[in-house]
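Common to both upcoming complexes is chain A, partnered first by chain B, then by chain C.
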Partner chain A sequence: MNLAKKMKASRGMGQVITVTIGLIILCIVFGILNPNFFSGRNAGNLFRQIAPILLIGVGQSYVLITGNIDLSIGSLVGMSCMVSATLMTKGMNPWMAVLLTLFSCLLVGLANGLLVAKLKLPPFIATLGTMTIARGIAQIVNNNYNTDSIGEKAEGFRNFFYYGKSFGLYNTIWIALVLWVIFNFILSKTRTGRHIYAIGSNLEAAKLSGVDIVGTTVKAFLVSSICACTVGLIICATSGMGTMDAGNGYELYAVAASVIGGVSTLGGQGNILGTIIGAAIWGVLQNGLQFVGAPVAIRNIVIGIIVIVSVLLDVIVRSGKFHNKAIKV
Partner chain B sequence: MNKDLIFTKGVKMQEKLVEIRNINKSFPGVKALVDVSLDLYKGEVLALLGENGAGKSTLMKILSGVYQKDSGSIKVYGKEVEEMTAKRARELGIAIIHQELNMCSHLSVAENIFLGREKLKSGLLSDNEMKRETEKILKRFQMDIDPDTIVGDLSVSKQQMVEIAKALSTQAKILIMDEPTSALTSKEINELFSVIKQLKAEGCGIVYISHRLEELSHIVDRVTILRDGQYIKSMDFASTTLPEIITYMVGRELKEKFPRVESKRGKTILEVNHLNAGKMVKDVSFQLREGEIVGVAGLMGAGRTEMTRAVFGVDSKDSGEIILDGEQVLIHKPKDAIKAGIVLAPEDRKRDGLCTKLSVKENISLPNLDLLCNLLGVVSRSRENGMVSKTIKSLKIKLPEDTVKAESLSGGNQQKVVVGKWLARNSRVVIFDEPTRGIDVAAKVEIYNIMNELKQQGVGVLFISSEMPEVMGISDRILVMCDGRITGELDTKDATGDIILSYATKFDKKLEDGNRESQEWRQV
Partner chain C sequence: MREEILRIENVTRKKDGVVCLDNINLHIFKGEIMGMIFLTSHGKDELIELLCKNLPIEYGRIYYKEELVNYYEYSSMSMNQIYVISHNDGLIGNLSVAENIFVMRKGLKKHLINQSKLNKQFHRLFPEGLSGISPEKPAYELTHYERCLVELYRAVVADCKLIVLRDLASFLSRVELTKYYEYIREYSRLGVAFLYIGNHHEEVFLISDRVALMKEARIIKVLSKEEMTDEHITPYTISFEVGEPIPGETAGMLTFKQVYSKNMKGVSFSVQKGECVVLLDKSSDIHEDFLDLIYGRSKVLSGSIIYKGKPYTRKEARKAILQGILTINKNPIKSMLFWDMNYMENLIFLSDRKLGCSVMKTRILESIIEEYQSYVGKDIYTGNLKELEPASLYNLIYYRVHLYNPDLLICIRPFADADMYLRRHIVELLYQLKEKGITIIILSLNVADSLSIADRMMLMEDGRVIKNYEKKDFDVFF
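Up next is the complex of A and B:
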């Protein structure tokens, strides 16, 4: 099998290569603007900045590949952060709190999946609803206040999710990598993964082939909620307290990481290797612009433009392709 | 009742695979099936025939578990099946090849064939095994397709072959083929027929739905005919004739397959000079006169559709001029063409012709809103209703009310909507691209009549078709295209199949070069 074909068969690897080149160029540009960009310390920070975006990007990618979208990711991050912090400040064992938090996030993911696949709500509306609800929960668990410090007892928790290091890398980075490996494996090697692509590509065909539409959609939303939950825990561990507006706007960062990495918003196409690159581009832009002294507002504008341009490129490439095919028919 | 169901003459009294009795099914506003019965025996091909909307596809969707019956009974291998679901049907060995392509276009051939029943090795996908199996299936039925190809990159006819291979790979005993040949080339049709014969010999029962009655003689043993959702008759194919079958299908005798009217040809309306567009339209020039139907023949991929798209302004033109009523018109987008009076009823109804989620009424009024609204852009409901009901009446579109969604109509009625939305305007040139694909005989005749009527009104009609008999039967003049060029022009009375074919294969060497599949003329 020749290389070109192999690339084609691997669901949009072409875009992964294009954006990787883009990423390298970005790094070089920021390196020239400020040589400290490449310092070991900044690299460590950069990776730690990228990790949460990678995680929510993986979650969003799963949902996008099924042809849906998850807008509740950002609120779920906030909910996870507040629920875990509140439980810990109330004296609960941190690991017990983590389990309960995960459980509550999975419930929201389950609700998303059922609303979309079983009750057939448009995903945009369904997750817009759960997004508002999850943010409300984040606000109500501690009576509309951010929590106090999660305290000494939670040092182990903070070490695990934030400042500890293993094999020379921050734990945060390891967590993201391990989850990525697991979810990449599921997506590319298991039946569930195959079905996720199938329902995003052609729901009707998948249904007629006996694919469990509801089950598969729910699984994709569960992955998304697991990722969001983990990010919430990381933020809680980072600041040592619960903040109600944690994760604000993350759902869109997640879409950005996915889409820049070649995941199609129309479903059926993309892979989460691309999401790594997408998250890295997001992180390098944030970090690099910060380094050269650009204010937050400018960073937001730049990232917005990058998202639009990358989707636009994708649409142009794709429409060219399908146009030719239409003619062949 | 069903007396003639039990008779068997040509076929040996065989094991009954399927026995359907008194099935009823309603959809909102439509009674799709009323007391319909059907038998399928081991080792036979049963043609299920009827006009569009007769209920053939609905019945087969019930048998394969896509729809649920309202009442009636289904016995498979002599056992009553209470609730037929897609899963249950698969377990029983019932496979269906749907009329619409149902493939995941982003997945590979092998992935599609094994979708929903993937081969696993210790819980993980075993892609190599699935690939090997796919190769075996494709080889067994002599299909030249690489299992790694992404389905969306295949031509429609290859996709159809994959769909067929998918159904065959399930080792089904009961196979339902709903219009399997509508997108195939004649070579592929022959391949399919030899596959069907092979399956028959292996004891499969096959229900075969097709509008191409001419095909039936190659494979069919018995026919069952439905009309308007009701069971009409079952017959031995050997003991009947096509005209008899058509009479039962239509409920009356169909006088002429290709009705022809004469009208006076007037002055030239449309003149296309040296049109070039992309790779598929090269130096195309032709003229169209008032009151004539010009047929455009050619093989699939000859550039006919591309030519119409360029004329209508969908695709951009590289060079060339379009002269309408003696004046050059600049057409950059469809809106320009519509304004000038050139309209197009495109080839792919569902993709290009209709907003399937909108109602029939909205579809018909969509291109005519400029005529229906006042200065402020407010659409006049009464004018809209008037226009729509006039169109529906004059085209005899069958529907409960004009607010039903276009997707719920049968193929023939959908095609009439596609045509109908242009008739409300007084267009000068109407282009029909494959208007009769996948619709039944009677609906075809109605489409021909619409073209004839336009012709008599002095409209110029450009009629693209891949079916030689209808091109010769309906057109006044025939243009033949090959490899993006017009390679022949002839008067219908001088036209024979051989002449057209020789023009259509003028650059045959090109066709054989590796990139393009060699497409054959459909003579079926």
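Up next is the complex of A and C:
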């Protein structure tokens, strides 16, 4: 393979290979502990379980690569679920409801981007604020109640987002894959993608190179809000109603999928191929530990430990670079 | 006999398996200003690190204030009372000058801090004042010069007998440096010893009592006061002459007409296409203004800027890169590279914008590789920039500009912190850009090596251009 092709394909692949090996080992261990783990039915469910985590992981990866964090992603899932369900129960055409929901989520993404890049608020604080606001909107939109059933008129919507199948795979999986392909293309092959990496890698150099810091940061937060919106719609289609606590704790899952997959919390590193593996590890751990009868608390503890170890490894590896003789002039 | 402050005897130190200090012998006496010139930067950080902290050494002994503090069989890892003043800010930004001097030091027993008492103490110790610096002024408001001055006082109050001054000329202007030398001499008379590290012998000779020349981690020569002449240093230096002078064109590239801004007071000059001009700022307050105007961060209060024959408004300035203006920042290895990207991604970073394509075609990438491989060799295949030497990293920064081919390049202190060989390399890289017809403006605080590449030099002081030197007049600086 020549350099030009290699260059396009190689960013952060080392980490992806490592976590892929980890994923394979996990699957083998759970398969030995319970052979039903490999059954076709469980595999189908597992993929459907992974799809939403993959989506929010992709959104969070975009933001993390710019060196920021989006804590509002879970609340945005809840807001998307509640807004879309409320509009549908009020009789709106489901697809129109989807468009309006997407628009409202994009507004939150835009606000996040502007608060962080334009008004220079720390991302932790800015998205903590919008997290509370988005959850508040999710609660207020139907007067602090979960919605009723979205009804038979939304059958097409439910099939499209959750129950339907295309080419033998659930639509949820297809939606996740299509969005992943689009966002992966943008991140790895386009100028915008390179600017996203540049901002996270060296903000000063990016500024000097004429990168539009505000615009690029806003784009990353918009991707995050699109992903969160889609997950909210999937949850709405799954349950057939809007639930106010939808997406609770998803911000942790999103960060977990990203960092396990090799995206650095310090920015500038990682790719969303790794996020697939990160989401898969999360899904396999949840599913596999359930299979071996581990209680929810143990599952959470295991995932929490894996996230901490992943971030710790990242910090250790990256801190080494500043001691390298090459940067000392 | 003079009291010895520091004695380094046959010290050899390795770091990551590489010898960074090789059989070093150095004596510094009370009140002495010892100069040190690193012909190659290898060992510079490690020596300063070792002076401050008693780290393990392979061989030799170190005495500080006539006491054995470190030897090859046992290194205590303790800290020595040696203060380093460098371009890194050693003060706490949000604390006042007095707090930085009196509170932020070892051995302070008091728990309650009274600012008015600190102020009194400040005025008692420094009755002549600190060049008009108020003891209550927060450290983040200090200029580089004021900060260095406060750090000097802080070191004296902390009873440091040896102060290391590192590369002051890279961030202090000539005027500031001259004033600072007076303080150094005053304290050396009071018994404080200094290790003055600089890159240029012209600068180090001015202040030092003796000068040690370091090359490849070894002291190769110690010059006495009498030996501090060009004749004695010449065998250890290299020529900075590059190629034939490249004539500039007559077409104007950038013109400032009676420009007034925060610090500029009617600045007028013109730079021709293909010219290399040094803007030497003696008082170090104009460069920031110049960059702010070029990048549209501030506006011209009066006067006008003409770029490529057209008025250069703030609107255009905000898109300076698209107008063909690039900047190489000071200390570009830290500020211009994307360490998470590979060599090629760094090299082409600006070019995709110029080509107007969001997705760079493989065919174009391959042609870039083919062209630039002849300049940088196998470095172009490097995945991890950390594997590269400083000279290769400088190649990457300058060839990125070469590939982008801007109309105007602004270099901010390109030679700061670089050793002699690296400076020579930078001169060659600048010459290549000049050969390509790129107009270059070098913003500098001292004459240094810029003149070996420059066609003209403009001396700026107190917000004005006070003198314009043509290439034939450069002899006055040598």
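The working rule: the second predicted complex is superposed on the first by the 307 of 329 C-alpha atoms of A that agree within 3 Å, B and C clash if a C-alpha of one lies under 4 Å from a C-alpha of the other, contacts with A are read in each partner's own complex, and residues count from 1 in each chain.
Heads up, the rule we're going with is that a residue touches a chain if its C-beta (ideal position, glycine included) is under 8 Å from a C-beta of that chain, and two chains touch if they have at least 3 such contacts.
These figures come from a predicted structure and were not determined experimentally.
J.: Determine, under the contact definition given at the top, whether A:Asn202 touches first (chain B), second (chain C), both, or neither.
T.: both
J.: Is A:Ala297 touching the first partner chain B, the second partner chain C, both, or neither of them?
T.: Touch status of A:Ala297: no partner.
J.: For chain A, what residues appear in both contact lists, the one with chain B and the one with chain C?
T.: 5, 8, 11, 189-191, 194, 197-198, 200-202, 204-206, 208-210, 268-269, 325-329
J.: For the complex, which residues does chain B have touching chain A?
T.: For this pair, the touching residues of chain B are 66, 86-87, 90, 98, 102-108, 111-112, 115-118, 120, 123-125, 148, 150, 152-153, 155-156, 278, 280, 301, 305-306, 309, 315, 347-348, 351.
J.: Which residues, counting only chain C, touch chain A once they are in their complex?
T.: Counting only chain C, the residues touching chain A are 16, 18, 41, 45, 319-322, 327, 329, 331, 333-342, 344-345, 349-350, 352-353, 357-359, 362, 365-366, 369, 380-381, 383, 385-390, 393, 417-419, 422.
J.: In the complex formed with chain C, which residues of chain A make contact?
T.: Listed in rising order, the residues of chain A that touch chain C are 2-5, 7-8, 10-11, 189-192, 194, 197-198, 200-202, 204-206, 208-210, 264, 268-269, 321, 324-329.
J.: So in the complex, which bits of chain A are touching chain B?
T.: Result: residues 1, 5, 8-9, 11, 189-191, 193-195, 197-198, 200-202, 204-211, 268-269, 322, 325-329 of chain A touch chain B.
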